[in-house]
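Letters A, B, C and D mark the chains as written, and numbering starts fresh at 1 in each.
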Amino acid sequence: MHTSPRPAPELAVSEWLNTDTPLTLAGLRGQVVVIEAFQMLCPGCVAHGLPQAQRVQTAFGRDLVVLGLHTVFEHHAAMTPVALAAFLHEYRITFPVAVDTAVAGDGIPETMRRYRLRGTPSLLLVDRAGRLRANAFGQIDDLSLGATLARLIDEPVPTSKETEA
Amino acid sequence: MHTSPRPAPELAVSEWLNTDTPLTLAGLRGQVVVIEAFQMLCPGCVAHGLPQAQRVQTAFGRDLVVLGLHTVFEHHAAMTPVALAAFLHEYRITFPVAVDTAVAGDGIPETMRRYRLRGTPSLLLVDRAGRLRANAFGQIDDLSLGATLARLIDEPVPTSKETEA
Amino acid sequence: MHTSPRPAPELAVSEWLNTDTPLTLAGLRGQVVVIEAFQMLCPGCVAHGLPQAQRVQTAFGRDLVVLGLHTVFEHHAAMTPVALAAFLHEYRITFPVAVDTAVAGDGIPETMRRYRLRGTPSLLLVDRAGRLRANAFGQIDDLSLGATLARLIDEPVPTSKETEA
Amino acid sequence: MHTSPRPAPELAVSEWLNTDTPLTLAGLRGQVVVIEAFQMLCPGCVAHGLPQAQRVQTAFGRDLVVLGLHTVFEHHAAMTPVALAAFLHEYRITFPVAVDTAVAGDGIPETMRRYRLRGTPSLLLVDRAGRLRANAFGQIDDLSLGATLARLIDEPVPTSKETEA
């Protein structure tokens, strides 16, 4: 038996950096979207997750869309949007980064909850039809990721009718 | 315009290590074949090429065939088959390795000539139809290689008629 | 000709982390002091300077004192003490860290000015007599640093009279 | 209680590479000597031991003497002097390298026996008085090694009388 992949939940974003125009998964339908969920003070994100996202951007260029998602679930007072902006500048991160919307009375932000992320870094892959095809916590090797991305890129662009569901 | 890829020249092999049965590209027709051309005393091969070939073997398992090709074109007295066997043992290289056939009166061995290799390490990719799809000298990044391999793996197995040419 | 090393200027500190007791160079007289001047959002500090300071602490244990100095000269709104505390926690930095005192109307903090630091990371070495023996910007190799530290450690502890100057 | 370090056994050498003049520890008396015992097909030697010996040569220049010692105790047919010469050329190793003298009927060469080496890589440190001050198997961190070397370098050159014993 085989479960068909569920639709990727929409991003809940309180603020965007590195883009003038707010983005939505709905608006990116038809494209492969790579989302690097990270926290700026997470050593594994700085050492592995974010450099890999930058390598994906370099290797696959216009064939997909790379987004960062700042899912702050600890040290909230430290990882503010102004601190994040400085971080992105210093680490030369140029892809659009969404600040995951904080939830009043809860440390876990909204998008992180929707995707049930286990922590950071997490890599989310959304296919051209807007379905969540991978939700991977921790380190992923580049060879396997490259293979997965090629296959997602090579899938046909769905007709508008198919993506409406 | 588009040139169709040429058939991969057959390997000229004087000796095999890590396999009881000699292999040929003809006999591997139908499978994707990854050939790491190296010399055991080439620092770039030891640091980059061979570890990448081992990662390919780990990541893609039975979906393709990884071969080493020992293309000795310098220090011939040093890089003998007995030295190669010790090298493979020490570096825990388990895929089959072919010793490229020496050519009398020429430092460049036969398979290296057939493929016009520029040096070592070189990575050769042969598709299911036996055509040479990549001949890359130097370092290749894992993301791009993973993508290329996935696409070769996903190509249909040719019917026996197609592969006879 | 040879200039004798100048006394290391006292640290100007607005806040200490990782220590209950504020420290001063005067109070540490008699000991070799290694000061890693850094900013938490400086990639070179995270990748090289701070790990080296941690290795120094591990390798030389009680033979010297390792201190961090958070010399914020850019992105002031991002690199606050609360953010620094989270950073130290996440990166498992356990040596005492001083927050360099901000100077009203100037982006460069007070200790950074006193030492005329060129940027971060910078490594400052203070000998048992309280004299500044090295002020190095950028990466320093571990072999040379180990040699320098051994020589500073092996210098005799000055009598109280000598250190008063 | 404290054992005084024993005299470093003389090297038993069948052949030298990277030097026109054969060397002896007796002839190097008065200098600090760093001996990297290795095998050319030992992955730990290639990845760690030999690069560290090269860094020592770079960092300490004329303050000490770096020697390689090729202690072949396995794969004897592979690690011949001609293969070693090719290896040294390819890996850009420029310090003098001694081939440890083979012992008839025993796989362990003579110098390796005299020093009771546990394997490769091993680092041997000989002080100005010709005494063996370290015999370390495996990886050693650069900070500690730099400290040890500085202290050996800073020891007084013994008078000829002292070194005769």
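Quick note on the criterion: a residue touches a chain if its C-beta (ideal position, glycine included) is under 8 Å from a C-beta of that chain, and two chains touch if they have at least 3 such contacts.
The shown structure was predicted, so the numbers you read here are calculated from the model rather than taken from an experiment.
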item	value
Count of contact steps on the shortest path from chain B to chain C	2
Remotest chain, chain A as reference, centres from CA atoms	D
Chain centre separation in whole Å, for chain C relative to chain A (CA means)	38
Between chain D and chain A, distance of the C-alpha-averaged centres to the nearest whole Å	52
Numbers and ranges of chain D residues touching at least 2 other chains	none
All chain pairs that touch each other	A-B, A-C, B-D, C-D
Touching residues (chain side chain D, partner chain B) in the complex	41-43, 46, 74-75, 77-80, 82-83, 85-87, 89-91
Of chain D, residues touching chain C in the complex	55-56, 59-60, 141-151, 153-154
